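Below, chain A partners chain B and then partners chain C, in two separate complexes.
Up next is the complex of A and B:
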């Protein structure tokens, strides 16, 4: 019986050989601008994490009292806006490609979960700002959370809890899900075009 | 033009997408991610430099009580006599509402959908007794003022009926009160010790003491703002600022932020349901909107398995545009 380590390595190499994980060629059909939005989403995530790490290192009140801190807060904010913008375009692009075809449903689902988890991640960021926006969003958001029962364990009026979610728990979840999503993409490869044979039935027929 | 359903079965479509043995082209995945990241960083730096980000100072109870003393005292009185939103909220804060299941203005804070009363089932997890938290306990922190302690003692010793008569009389007098430069002059009336209690609470709040009192419990360090935020929300301080900034629920609410910034635009569909009747006007609006979004989120997740929805991209062939170059070079698809 082989060791657990050897079995893990063999499973990994079978599913994700190096040429799949870091390919230097791709199918000829990958030549549309829509393919860039996945990489742009990753770029925005890097920017969010980098600016977020700087804000976390300095503490939650720094950006209110320092011009440099405020600039990094602005970088963080705009990176988040672009992250969602790129991610939504990427999502719509994959929808119109039916990118779940050929056993890729887990790729679609992991991407969707990333989008769904990104929403509370950003939400807790707005709640952690310690300004009027935080006060208003918290007092308005609590009713929705309470009505669904979420408020009993996720208190949007508790800055300490929201800050913990925002700087540790949810970013860790996002990075894990994005990592899984990328590994699934590399394992299955990008989805081939829908055969034109499928389209044949929908062509315009010339008038007699 | 005649539109027909796609020709291939789902099984055929899936089989065709499992393997690709066609032509390839050179591709540098690391280079693409690096260039994309650099482009995003430059774009973000430009946006941050040009547009900055909003940071309006938070409202404080001290500021509220100085600028709007009548509103502050009216709110404090509603906490004392159990008429405030917080006093009647129900779970997770307390066991309200007290008026036959509805708040005094008809709003039901214990929302439900069909037989599901999840808010009620999960119970009180962040207990707040409004009268104790916002009026009685803070007044006890002024031990050096015999008049306040005497008024407090008289109020607590009185039967509930008399307490109600005092708070009602004081509420009526408040309607004729005059506010000037942060001070409040309330006409005389039969409101017993309530006048002394309210004027002392106002003074405590204006000194900044109430901001600290509502945070402090057993620990030195505090990060939980549940009590002061609920108190501020019961008054008009937050709402007035939000109205001026067009942030109300009827104005697409919390997806916006102060100033001309995009805010949480990704919440547009959630906020949309609050603008739609009868959902937005329902006493169960929050649980209805949340449930709809839960179902839609689940549907988004499961699109690959939902017949009809998963075929939409085949019926509206936008993919022809996405792969137009490939189809041009490979007419057989």
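Up next is the complex of A and C:
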């Protein structure tokens, strides 16, 4: 009986051989610009993480009082704006392609979960600003959290807890889900366009 | 350096019956629709060159 490491390797290579993981070419239909938005979303995510690491290293006083701190604070904010902008267009494109076709339901679901986890990641970021804006948002948000019954273990007035969620727990979850999403895309391939025959079958003939 | 758009004031809102949204959010949503419509007609960057290389 082979070891668990050998079984793991065999399973990995069976599901994701190197030519699938890092392919030489892509299908012709990927020439449409709509396919670029997944990659743009990842680019924005890298910018968010890089600027976030710098903000975490330097701290709130730096990002509120120095010019270079303001710059990285703005880079972080606008990278988030672009991340959601690109991700929503990516979502629309994949929705109208019915991207869950051909056994790709897990690709679609992992993308959906990523979108849902990204929202509280952004919200905890607004709570971590350490200014009047974050205080206002926290005092407004606490009533919503309490109404949901989660206020006792997700306290938006607790800066330390929100900051931990924002810089460790939720980004780790996002990166893990994005990694899984990419591996699933590589495994199943990019979804092809809907065949014209299928589209024609959905069109009803006008009454004479 | 002065900002291109002065943001040092309360946000402007569009309020129509039950609908209420800031002008900034409406602008972003309209921009997303515009970009989505445009990219449906555009080729991805570099695809023209890649196609020419495949032919040669």
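Throughout what follows, the second predicted complex is superposed on the first by the 200 of 208 C-alpha atoms of A that agree within 3 Å, B and C clash if a C-alpha of one lies under 4 Å from a C-alpha of the other, contacts with A are read in each partner's own complex, and residues count from 1 in each chain.
FYI, a residue touches a chain if its C-beta (ideal position, glycine included) is under 8 Å from a C-beta of that chain, and two chains touch if they have at least 3 such contacts.
Computed from a predicted model, the values in this text were never measured in an experiment.
K.L.:
Have a look at where A:11 lands relative to chain B and chain C in the superposition and call it first, second, both or neither.
P.N.:
neither
K.L.:
Touching A:36, do we find chain B (first), chain C (second), both, or neither?
P.N.:
The answer is both, since A:36 touches chain B and chain C.
K.L.:
Figure out whether A:66 sits in contact with chain B (first) or chain C (second), or with both, or with neither.
P.N.:
Touch status of A:66: no partner.
K.L.:
Classify the contacts of A:89 with the two partner chains as first (chain B alone), second (chain C alone), both, or neither.
P.N.:
After superposing on A, A:89 lies in contact with chain C but is clear of chain B.
K.L.:
Looking at A:148, would you say it contacts chain B, chain C, both, or neither? Reply first, second, both or neither.
P.N.:
A:148 contacts chain B only, not chain C.
K.L.:
After superposition on the shared chain, which partner residues are touched by A:193: those of chain B (first), chain C (second), both, or neither?
P.N.:
The answer is first: A:193 touches chain B but not chain C.
K.L.:
With both structures placed on chain A, which of the two partners, chain B or chain C, ends up touching more residues of chain A?
P.N.:
B
K.L.:
Intersection of chain A residues contacting chain B with those contacting chain C?
P.N.:
In the superposed arrangement, which is not itself an observed complex, chain A uses residues 30-32, 34, 36, 81, 88, 93 for both chain B and chain C.
K.L.:
For the complex, which residues does chain A have touching chain C?
P.N.:
Going through chain A, the ones touching chain C are 30-37, 81, 85, 88-89, 92-93.
K.L.:
List the residues on chain B that touch chain A in their complex, please.
P.N.:
Its residues touching chain A are 1-8, 13-20, 22-30, 32-33, 36-41, 43-45, 47-49, 51-59, 91-92, 109, 111, 118-119, 121-123, 125-126, 223-226, 229-230, 232-233, 238, 241-242, 247, 249, 253-254, 257-258, 261-262, 264-267, 284, 286-287, 289-291, 294, 297, 300-305, 310, 313-320, 322-327, 329-333.
K.L.:
Sort out for me which residues of chain C touch chain A in the complex.
P.N.:
The contact residues of chain C facing chain A are 28, 31-32, 35-36, 39-40, 42-45, 47, 51.
K.L.:
Per the contact definition, I'd like the list of chain A residues that touch chain B in the complex.
P.N.:
22-32, 34, 36, 39-40, 42-44, 46-47, 63-64, 70-71, 73-75, 77-79, 81-82, 84, 86, 88, 93, 95-98, 100-105, 108-109, 112-113, 115-116, 118-119, 122-123, 126, 129-141, 143-144, 146-149, 151-153, 155, 157-161, 163, 189, 191-202, 204-205
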